[in-house]
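Chains: A, B, C and D, in written order; residue numbering restarts at 1 for each.
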Amino acid sequence: MSEDTRPVLSATGISKFFPGAIALDSVDLTLYPGEVHALLGENGAGKSTLIKCLTGAYRRDAGSIQLDGEEISPTSTQESQVHGIGTVYQEVNLLPNLSVAENLFLGRQPLRFGFVSQRRMQREARRILGGYGLRIHPAEPLSTFSVAVQQVVAIARAVELSGKVLILDEPTASLDRDEVEMLFKVIRQLKERGLAIVFITHFLDQVFEICDRATVLRNGRVVGTRELAHSSQTDVVHLMLGRQLESRVQDRAPQTAGKTLLEFKGIGRKGMLEPFDLAIREGEVVGLAGLLGSGRTETANLIFGAVPADQGEAWLRDQKIALTSPRDAIRHRFGLCPEDRKTDGIVGDLSVRENIILALQARQGWFRPLNKAKVNELAEAYVKALDIRLASLDMPIRFLSGGNQQKALLARWLATNPDFLILDEPTRGIDVGAHAEIIALIEGLREKGMALLVASSELEELVAYSTRVVVLRDRRQVCELHGEDISTRNIVAAIAQGHLEEVA
Amino acid sequence: MTHGLQATLRRVAPQLMILAAVLLLNVIVFPDFFRIEFQNGRLFGNLVDVFNRGAPTALLCIGMTLVIATRGIDLSVGAVMAIAGATAASLVADGSGWVTALLGALAVGVLCGLWNGVLVAVLRIQPIVATLVLMVAGRGIAQLITEGTILTFVNPGLIHLGAGTVLGVPTPILIWIGLGALITLGVRRTALGMLVEAIGINESSSRLAGINSRVLLICVYLVTGFCAALAGVIVAADIKGADANNAGLWLELDAILAVVIGGNSLLGGRFSIVASLIGALIIQSVNSVILLSGLPPEFNLVIKALIIIAILVIQSPTVKHALYILRASAESAGVDTPAASASAPLAKSTETAR
Amino acid sequence: MRSTHLPLVVTILTFLAAFVLCSGQYPAMMSTRVVANLLTDNAFLGIVAVGMTFVILSGGIDLSVGSVIAFTGVFLAVILRDTSIHPLAAFALVLAMTIAFGAAMGAIIHYLDMPAFIVTLAGMFLARGLAYVLSTDSVPITHEFYDVLQSLYWKAPGGGRFRLTGMVMLATFIIGMVVAHRTRFGQNVYALGGGAQTARLMGVPLASTTIGIYALSGGLAGLAGIVFSLYTSAGYSLATVGVELDAIAAVVIGGTLLSGGSGFVAGTFFGILIMGLIQTYIVFDGTLSSWWTKIVIGGLLFAFILLQKGLTWATTARRKPLIDFAAP
Amino acid sequence: ADLTIGFSQIGSESGWRAAETTVTKQEAEKRGIDLKFADAQQKQENQIKAIRSFIAQDVDAILLAPVVATGWDEVLEEAKDAEIPVLLLDRTVDASEDLYLTAVTSDLVHEGEVAGKWLVEEMAGKPCNVVELQGTTGSSPAIDRKKGFEQGIAGHDNLKIIRSQTGDFTRSQGKVVMESFLKAEGGANICALYAHNDDMAVGAIQAIKEAGLKPGQDIKIVSIDSVPDIHLAMAAGEANATIELTPNMAGPALDALEAYLSSGTTPPKWIQTESRLYTLKDDNQAVYEAKKGLGY
């Protein structure tokens, strides 16, 4: 990429105001053909908003966009598609009721005598998805496939649509290493073909692996654009946060945990999870590792009673307990921060404050409302402690950025002061700064004696805070790593081979 | 609690303005509209009639507001009215006292609510279909009780509920205002209101947060059944007879309309019972305009449709948003507006969470 | 078989089983008469139900159709009585009007961002109100062209008459199926039902699709009105009250989810037949009082919903272990 | 031979209708007829479906109480093709006369006229403002009874209809609308009420009483149908006149049918039932007692 080539897309002075928040303040972005451009920034910096303004999903309040030197002003995503801009928005935005093939071709179905040709559509879909190493039946509804498959379909659709520009908003958040590799291969091919690619992520490794330049946003403003070949990770982080990320040298998590809090014996559910045994002590963080679809989320849901087990038993402090619903679990002071925050976590139209106290209130009962002053105090304390960025506690939580929603959900469970907290992908979509904070938070909770079960795809993170790591494969526990054995290398090997013995 | 009162007033301000406008229309067609006399031991006047005749719709829309807040709908309330009225009438016909009759009718209404609630919350049938079953069958059940006749009664206690007065005020007015206040306080002074809103917005999240959504949903339908039964008793008492075929016929639509005119979203979530009640008064005022205008009855529906369309258009998110923008630009741009009060107009311009 | 076809198969099997059972009890039901009656008597209902299927697939609802049928009938009757315009021209005129009416409702729903339930409820009041204004009397239609159309039938052995209107309904269903499954418009309808915001982000033209859907429903209600006017040779402003609920019930019995995005036009056809069968059975029985008729209809409706629910549960429970909440 | 007869009834929307159903069933039972009953829930399309199903079952005759006058040609033709006689109850249809055997009905216009004439006589030239409670908008009784009443008072300028609004044939609407009449015109300005059916009159009586006026004296009340409750009101002097619409339409119809089937005597096309006028002079208490068991 050289400076004298003409930009494919240049946006200047893009502004977007929300009541109580200036999401974008005169943002400029220039994309050159054949470059992969990273868009970086903290949660709520305005990345997704910028993308939506560029592609006509939002109406921008100011600014102009030029595509190949011509002024464009897309008022709908359809229009931007016509201009050759393909987009994957944050959170999978596909239609679960349509088939995979229909999702891929929506709006540009192959026609035969004016009628949609299902046969050709499926043949094409099979071919396209084959290019991503996906061999699935394209006539099945999208909802029957895992989030990862859906994400790949979304990417494939956007790639097919993008003649000039491809925009990917956190496409790798729910992908595995292998799939990320596959995606990068595709991105490199597109780059060869001269497309401009915008890549948003919170994984800096990935940024440095695939991107050429990076534009960093902070509080809705561009704070700088860098050639990545000439910058370092610390540079970029500094630019994002406006401060240095203090890298606390992590002590190995101590092995001196307290009494056994919980014991699951032969707990499982047919067709969902093989029966397993698991004991968790106070002051212990048990990590759950595995590939996509290996059953981590299922384990979490089962233990929380969201999907009741059909066999086995659970013991809490040497007393047998029944776990048939989340309410049972909450009564026993469990908490679960779910993986899919949009559908299982936030209550979108309720205020941030109400979302934070929701679980606490539900436990208190219908007729004992929490005292208003106490609610405010509680909410404000957590907003401060977790550094949730918001205009007001009264704003509906769906207006928060993804990362801030995640923090508010954490606050919801912390407010119930649980003995046992299950976190499913707690750092998905969270920026580097907050990432470090959440890891520190987990450490802090453990030190206070709480028992935690954390499912995560980020092995480094698991290694950092786990006192023990359980590895899952094909919906079955395959092995457990302790103490010094806990390392990224060992986990990867265990996932691949299924046995620690063979690793060691 | 002045803060809460202020918030309520702000919430219902548009409804109050519309009510005022429709009442003004009444005055235009009938200048004496606001005259209230004390005559024959009771308050007597058109405004009293609006409040009195609005009672069934008002009662229905109390429960309907809650059901709609959970993302549901209850089409069966009209039929439940008929069943309750028939039950009360047949009980007094069999020699029971009015208290027994009232309690019996309410119990039957609650039972109907339980049926709907179980269908919706346990069997997970979509509310509109689940309640359609009782809407169709309910009138049959009511007629089964009355054997197809208009079951008349003379029990003064029961009649008092519909046609009587307390200190000159018609009893139905006191009943709906009382029940409305009771349930409003019941949901707002406890956590119920918020929890109902939560399951209406995202049931999956709410369940995972430990809300007993199943029981809460059933309770909401129970309340609706209760309200419908009370409305049914009032309507029967008003004419001293249970008319199984016509009592509450199509009234479910009026109730839903009242809830929507009250600014509540059919997609569930945030609700205001007070606003719905004002909505019911608005609908009754529209009916009053039609009656007082003296136009031939073939114009009734057209007039009603046009007035309602006008009201709905004024209330639509797009128009509200446009008004909000107008106001904001009048107050000069860039002024910080509190996010909460502006959340409704936002719905259009932003990607909503569903 | 695709998993999504299951509700359709369930509906068809339910109909066949019910038909066989009924015929077992009343052998006269296994006649061309009854079959022909099912088609003719439900023709207008079937046609509106096709439109309703599209509306419901898109996640909406159209409560105005019953009134639009009545309005169409009265309009035709009045215009054929008072002017010398040819019925075909009147048909075109009234179809244009009902399409415009539907499109207007669609436009309000989209541009003013109002729920379909309420907009079409207002539409329901308005259409019937307009019918009253045209004429409160029932107005007979005596044009000879109507006699010509009515005399177009094929008399099958056994006395069944397969009439033109039944054929119009069948044609509507076939066209409806093609439009739903083989055109971009149809795919957009399904997309809208899957989630309007997502569909918007995926580039589905919301405005034209929404307006198109309600225009289609309005137009088909107009067509049903024409068929109804052929059926009764009259226009009557009190006719077809509550037909919207029958149509919705038929669509739902046919396996389409009211929450939108999933279902089949063909399923609606069998939903209509099932509803027709219920009525025929009740008449053949002939012992039910007025009130038991209502209770039995409600009970059978419930039975069908339950049957469908059970079958769907039995087959999907294993596939999707995670919690799944039916959206209303 | 045992006859099988299909009866397509409109529905059970009013007490009178329920009584008609009861009486029809009684009459059929009396004659040993197997009556197949079909309730159409007030929908013409259901009635057509029912008739077609009756034809498919090959019944011996069909009784039809048509919900509306128009729209029966096609289905009656089918019945005729199948050689099944059709007898109409309480309303004739706009169809060629050879499509049905006979129609047993009252004359709706005549009923209204009787009511009008009664009022003319009662007022004897005194000026009188009349309010009218119409039936369901668009229904033929509402249209015809309105027309008949207007004919009845034609030429008597002392009688003036000052307000006319629909009460949907129901008690509760009758009461509501009367309330608004009383307010809009002032109770003293109204001298008589004409209601298209008794149920609305019963509702209106309550409204009048609640307004502190005396029904039957301050406001004269005339209505149609002669259901038990209006006789009770008349016995108490709260209503003044009613015109009977007999629920026994099936009796004469079945008589005619039996004669036709046994001896081939063709009945007249129209068997008119009596529209008897009841006033305060009759023993209304006795009429009430006689009628109350009929399922009104």
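One rule holds for everything that comes next: contacts are C-beta pairs under 8 Å (C-beta built on N, C-alpha and C of every residue); 3 or more make two chains touch, one makes a residue touch a chain.
Each chain and its UniProt protein: A = Sugar ABC transporter ATP-binding protein; B = ABC transporter permease; C = Galactofuranose ABC transporter, permease protein YjfF.
Note that the structure is predicted; figures quoted are calculated from it, not measured.
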{"item": "Steps needed, at minimum, to go from subunit B (ABC transporter permease) to subunit D via contacts", "value": "1"}
{"item": "Comparison of A-C and C-D by number of C-beta pairs in contact, larger one", "value": "C-D"}
{"item": "Geometric centre distance via CA averages, subunit B (ABC transporter permease)-subunit A, whole Å", "value": "43"}
{"item": "Whole-Å gap separating subunit C and subunit D, where each centre is the average of the chain's CA atoms", "value": "34"}
{"item": "Length of the line joining the C-alpha centres of subunit B (ABC transporter permease) and subunit C, rounded to whole Å", "value": "30"}
{"item": "Multi-chain contact residues (two or more partners), subunit B (ABC transporter permease)", "value": "143, 148, 204, 207, 298, 300, 351-352, 354"}
{"item": "Residues of subunit A engaged with two or more neighbouring chains", "value": "57, 306"}
{"item": "Subunit D residues counted as touching two or more neighbouring chains", "value": "11-12, 18, 21, 137-138"}
{"item": "Pairwise chain contacts under the document criterion", "value": "A-B, A-C, B-C, B-D, C-D"}
{"item": "List of subunit D residues in touch with subunit B (ABC transporter permease) within their complex", "value": "11-15, 18, 21-22, 134, 137-138, 163-166, 168, 170-173, 175-177, 179-180, 183-184, 199, 202-203, 206, 210-212, 229, 295-296"}
{"item": "Subunit A - residues contacting subunit C, complex", "value": "57, 76-78, 81, 87, 89, 93-99, 102-103, 106-107, 109, 111, 114-116, 118, 139-141, 143-144, 157, 269, 271-272, 298, 301, 306-307"}
{"item": "Subunit B (ABC transporter permease) residues within the subunit C interface of the complex", "value": "71-73, 120, 123-130, 132-144, 148, 203-204, 207, 244, 253, 256-257, 260, 265-268, 298-306, 308-309, 312-313, 316-319, 347-348, 351-352, 354"}
{"item": "Complex interface listing, subunit D residues touching subunit C", "value": "6, 9, 11-12, 18, 21, 35-39, 41-46, 48-50, 52-58, 68-74, 78, 81-82, 94, 136-140, 142-143"}
{"item": "Subunit B (ABC transporter permease)-facing residues of subunit A, complex", "value": "17-21, 52, 57-59, 304, 306, 325-327, 330, 336, 338, 342-351, 354, 358-359, 361-370, 391-392, 394-396, 398-399, 412"}
